[in-house]
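First subunit A sits with subunit B, and in the next complex the same chain sits with subunit C.
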Partner chain A sequence: MASFLRHYGSLIGMAAIVVFFWIALPDTFMTLRNWLNISQQLSMLIVVAVTMTVVMVMGDFDLSVGAMASLSGVVAAVLFAQGLPVPVALAVALAVGLLGGIANGVLVSLIGILPFVATLATMTMFSGAAFLVSGGKTIFGRDIPQEFADFARSGLPLGTWGGNLVVLPALTLVAAVVTLLVWIVLEHTIYGRRLYAIGGNADAARLAGVKVAQLRLSAFAFTGMGAALAGIMYASRVASANPVQGDGLMLTAIAAVFLGMTATRDGQPNVLATVAGVVTLGVMDNGLTQLQVDSYVRQVLVGAIILLAVSISALGRRAIRLR
Partner chain B sequence: MPELRLSGIVKTFGPARALDRAALSLRGGEVHALMGENGAGKSTLIRILAGLESADSGEVTLDGALLRLGSPDLAKTAGFQFLHQENHVVPALSVAENMHLSRPYPQRFGLVHWTKLRTAAVDALGQLGASHIDARSVMGSLGAGDQMLVRIAATLLDDGDAPWAYVMDEPTAALSGAEAERLFKAIAALKATGAAILYVSHRMDEVMRLADRITVLRDGAHVATRDRAATNRDKIIRDMTGRDMTDLFPRHTATSGPPALLVRDLRAGGLGPLSFAVAEGEILGVAGLSGSGREVLLRALIGAVTRAGDLQLRGVPLAANPAGAWAQGLAYVPPERRTEGVMPRRALAETIALPHLARLSRLGFVQRRKTAGLVRRLAQDVRLKASGPDQPIAELSGGNQQKVLFARALAGDPAILLLDEPTRGVDVGAKFDIYTLIRDLAARGTAVIVASSDLPELIGLSDRIAILNAGRISQILPADGLTEAALLTACYQKES
Partner chain C sequence: MTGITRRSFWRIAGLTLATAVAIVGSAAFAEGEKIAVITPYLSQPGTQFYVEAFQARAKELGWEVNIIDTAGDVAAVISRMEDVSAQGVNAIVLNVDPAQVGAGLDAAVAANIPVFGMDAGADPRIKANITSNGYAMAAETSVYVANRIGGAGAVVMFVFDAFPPVQVRGAVADAVFKNHPDITVLDRVTPDVSDGGIADSRAKMEAILAANPEPGSIKAVWAAWDQPALGALQAIEAAGRQGEGIVITGIDANPQARDAIAADGNFEASVAQDFQGIGSTTADTVARVLGGETLKANVIYVPTKLITSSNAKD
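Up next is the complex of A and B:
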């Protein structure tokens, strides 16, 4: 029983949160419409958290993702304003994410700076760059092409439900594709298994023939691209871009990965667990908002839940060690 | 002189009987070695002394009076001091401060009295013959051996309750030869003060050199306690295993083929220039004192350190990085299992498969079934004792962890197998399995290079032994008929 709780305690907790809101909000919470809504709200966070998992698997992390999301959003918007075609602007914005990620990777794996320090510095730089590029202003209105703004409002029609057309939001679809892709890469390719080996013991991995430096570098590039994609998704959703709109993603994404880690058997990062973490945070946000809980109180509650989950997981692990 | 006696100690964990009427006596002024295979009950016995476990039954007396154990505090009151392989130190603080961590700092006017703190530390280090350690230097700048000396010296700080019995569990496991020598001097100094040392080690040479008496446990029971003068290496092995020493090394029929590895003018970190060749099916031993370059040679061959020189594997230039070397058919078992070998928290199958992932996958996708099959077959080949391929490595015994690394090395049927201290911290039973594996592999044509500080192992296993001295090969001797004494003498000789 105790070991059952230790392994599945977090999942049970997550389920309990869902059940709680289901009972507290009988009419509005457990509806398809609400869940599709949640999925769309969370899609950017899922992309950032899932690609963040790629570096966290190696025991590293990336503080610059939020600033990168802001930067890529304003880069795309500024290029739109210059009249560039949408695909070109988006490719450039993604390339900025790739380059930023490579820069992080070079600092961490080739120069040997701690990820905390390196990505804290690049976070500041990306943020500054976002202000420079945008001139500190929000880019909106006619500068944003209609087709780009429409993307976030479009979706895949799934059928009719109770007389209404049900549409899977395009952003949700993007997040699902990214999740599937990263899951396959981490769990089923050589590349992913080697990243896990680096997280298990970097020295041993190197002596076993893993090219640790190259892999670490490429993983940061992956994360940078993910952040840039999330920034573009954000800009499409709000049909505008400002130099701080992605900043909040970073802390929440790291929290989601940690929350997810408490649900895995071995206490290590895992893509599906990360998604479970994101969904838990999103569901709490959605449910508490519907219950009209004050947003400051909401913040305190969310923080407390994260602490609770991580504490229980830490205590469980200590119990295993003492056995 | 105080005398501690343990008799009839029984300890069970569920159905398993870890100790079955174990006994031990320890007198002040002696070094007492405790030996036995892994699982013989040494650790459990020590944990009972330390108060971390309670015995189910049995008697512990100190000078004839019944001694109550069962908590670390009681063990401390009884005068026991435990030193483990891992040093628990604060790397960023000075040596003197580290020594005072668990006791009050000397004070003056309510502030730390730095001069007194330092002189106390210097005095204690001096008593141990460890005056080469500067009490002001930062703990983290010291090697593992000096850190251990600092921890022993801390117990000598004059505060009235110096321990009388020191329990050292594999103290030299992480030490170099020179560091171990310093520790042995410190042990002699402790012994001269009338303290007792319970010395737990797998290393026969150390035990034969240090111990006054030797107690052997087998399957949790007391087998024998003998004076060192009244016993020898073979007798101890027989006590530990019920098997003779000569059986330990399987018979080898040397069949050396064409050269597998040609090394010309190799240089790397204080090593070389040196040249040698290893033939297919040959086992080449590498001997040398600490600092001779023995620790660097295999790292240079696998490409883990920067190197120069002309290295050819069956006529093809050898890659100078581990990834390339593995891909060309080299396999490497590193000397430091925990820090360089395994991924402790991850499934053992992952450690085994890691260097072979390219072969185990199609279009970059790892084929699970193929991987599982390989791991299952290898686990059988090396006689791995584990609950399954998903068991985290940290849960295995040292011998079985080493077998995981062997399984990994065997997986590719390597052209060259590089073994650095292949049986360090491994019990005698697992040692035998590992020696058999090495021999079988050589018989199938693999060239094997073994670097080891265990001289009997080198002699028993190798066809030829290369002697390293100051970074050069001073000579290469045939192992047949070589005695340990002759090999050791050769290690001390300069190039002739």
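Up next is the complex of A and C:
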């Protein structure tokens, strides 16, 4: 019973949430259109959470991702406003993410600052930089090229369903590609297995010949790039950029990774589990909104579900230990 | 699993489930028209006023209103618009610039759900935006200034042309002052607003006062919103020139401005938006459209009120 709960409790819980909404909202929840909507709504969070998983498998985390998402969004928008071509502006914004990620990596792995402190400091710096670059203003309207705004509304036509054209949203596709890439890197490369080894026991990994410092540094680069990409996706979705719009992504992404960890066999972060965590949080938002639950009550419920999942996982682990 | 852990597990699970079911159950099976009000700005005072007035009117109409606050997250506004479109509400009321939530408007249009703006901005996909008339508000204060100084003298203007709703106010004041041949605009200042607008306006006004030391060389300060008016007031008082009769006006009549106006000093007038009126008029407009009426105008203005020392404390 204990090991069953330990291994499948969270997955059953996640499924139960979906079934609950399916029953409560028989006509509008379990529809292809709604799920495509959810996938699009979650695409930015998925990119942040999945790349966050890369540092979390080493036992580190990155508090600066939300501020980086805001920064990359305003960098791209300011360059648009200067009249630069869209690909150039996006490349610069991604480069900002890469550099920010490398900076985090240097602070954590070479200088040896705790990730919490290092990324808290860079979070403040990135956020300040976002205000500096944008002058504190929201950049929108004519400054945002139509082709960039249109990207978030475009997609891959899948065919017609009940007379309506069904489109796989472009943002969903981006999130799927990032998830696939990170999954391959973490699960199917030596590089990825070494990151897990660092997370298991950094000293043992070092003694076994793993270049811990370089690997930790490079992992933060992933997270920075992911955050920057998510910031660009956000800016495209709202066809505007302001210096705080990505900030909320950070805590939700960390929550999603933790929620996902409760669903894995060994309690370690895992890309697909992270996606399951993100989807659970997104389904709660979508379903509770459709059920007209007050938005503040919704926040309380989402927190309670996270606690419940983590409690089941912790109780299961303790029960196994006691046996 | 041991007995204790199993019991505590079921207790946690049971409690959470019971709470969820109770909350969800009370909301899910209500009757009446379903209206979703979506805003990222519920914590701001003005927004609270019109949301409360909207709810009060909606209650009279027997509607089921779902207030959704995304706490500053504009992308979440789009997401929630998609959710309530899938749910099939009867109408959506928005309180955010439509230019930022185009994808959400597309979802509502596709689901055939009318969208209304509550001080939101105009968009072809919005049935009507209910707001205050910025042109009229600026006309009220600029004409007040022109009349108070007898149509003659130097006026300092505080404007902010980068933000469209405020640009409109400056354009109207320009026209009013231009129409008086003896009024000269001494300076047209755009303050730095990153600190809220008061401090930098004060610094700018101090510089202007220093450059124009003779009493009577500045007759009035017209500000496109209250913060620069408050900054100018501070500068004038700090320079000890409050006795020169420099007339200051603002727009919005925020609490700080009302206090200054009530004190009967240089800050003489501002214009108050009727937030409650915007809320209840939005509800009435939704009712008209749900009742089958087609609206001719897609912007509906709610009258504003000039605030002077006689009514600043009302």
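Everything that follows uses one rule, which is that the second predicted complex is superposed on the first by the 321 of 323 C-alpha atoms of A that agree within 3 Å, B and C clash if a C-alpha of one lies under 4 Å from a C-alpha of the other, contacts with A are read in each partner's own complex, and residues count from 1 in each chain.
Following the convention adopted for this analysis, contacts are C-beta pairs under 8 Å (C-beta built on N, C-alpha and C of every residue); 3 or more make two chains touch, one makes a residue touch a chain.
Note that the coordinates shown come from a computational prediction; the quantities given were computed from them, not determined experimentally.
*Asks:* Clash or fit: how do subunit B and subunit C relate after the overlay on subunit A?
*Replies:* Aligned through their shared chain, the two binders fit side by side on subunit A.
*Asks:* One more residue to check, A:G248. First (subunit B), second (subunit C), both or neither?
*Replies:* In the superposition, A:G248 touches subunit C alone.
*Asks:* After the superposition on A, what does A:G128 contact: first (subunit B), second (subunit C), both or neither?
*Replies:* neither
*Asks:* With the two complexes superposed on chain A, say which partner A:G303 touches: subunit B (first), subunit C (second), both, or neither.
*Replies:* neither
*Asks:* Put subunit A at the vertex: what angle do the Cα centres of subunit B and subunit C make there, to the nearest 10 degrees?
*Replies:* After fitting both complexes on chain A, the angle is 140 degrees.
*Asks:* State whether A:A24 touches subunit B only (first), subunit C only (second), both chains, or neither.
*Replies:* Touch partner of A:A24: subunit C, not subunit B.
*Asks:* For A:D266 in the superposed arrangement: first (subunit B), second (subunit C), both or neither?
*Replies:* The answer is first: A:D266 touches subunit B but not subunit C.
*Asks:* In the superposed model, which partner reaches more residues of subunit A, subunit B or subunit C?
*Replies:* C
*Asks:* Quick one: is A:P157 in contact with subunit B, with subunit C, with both, or with neither? Answer first, second, both or neither.
*Replies:* In the superposed model, A:P157 contacts neither subunit B nor subunit C.
*Asks:* Working from the superposed arrangement, determine the closest approach of subunit B to subunit C, counting only CA atoms, in whole Å.
*Replies:* Shortest inter-chain C-alpha distance (subunit B to subunit C): 16 Å.
*Asks:* With touch defined as at the start, can you tell me which subunit C residues reach subunit A in the complex?
*Replies:* 1-2, 5-6, 8-9, 12-13, 16, 19-20, 23-24, 27-28, 30, 34, 36, 64, 66-75, 78-80, 82-84, 86-88, 97, 99-103, 106-107, 162, 193-194
*Asks:* Give every residue of subunit B touching subunit A within the complex, in rising order.
*Replies:* Contact set of subunit B toward subunit A: 302, 304, 321-327, 332, 334, 339-346, 350-351, 353-355, 357-358, 361, 364-366, 392, 408.
*Asks:* Quick check on the complex: what are the subunit A residues that touch subunit B?
*Replies:* 188-191, 193-194, 196-197, 200-201, 203-211, 266-268
*Asks:* Mind listing the subunit A positions that touch subunit C in their complex?
*Replies:* Listed in rising order, the residues of subunit A that touch subunit C are 1-2, 5, 24-25, 27-29, 31, 33-34, 37, 40-41, 44, 131, 135-138, 140-141, 149, 152-153, 234, 237-240, 244-245, 248, 285-286, 288-297, 301, 304-305, 308, 311-312, 315-316, 318-319, 322.
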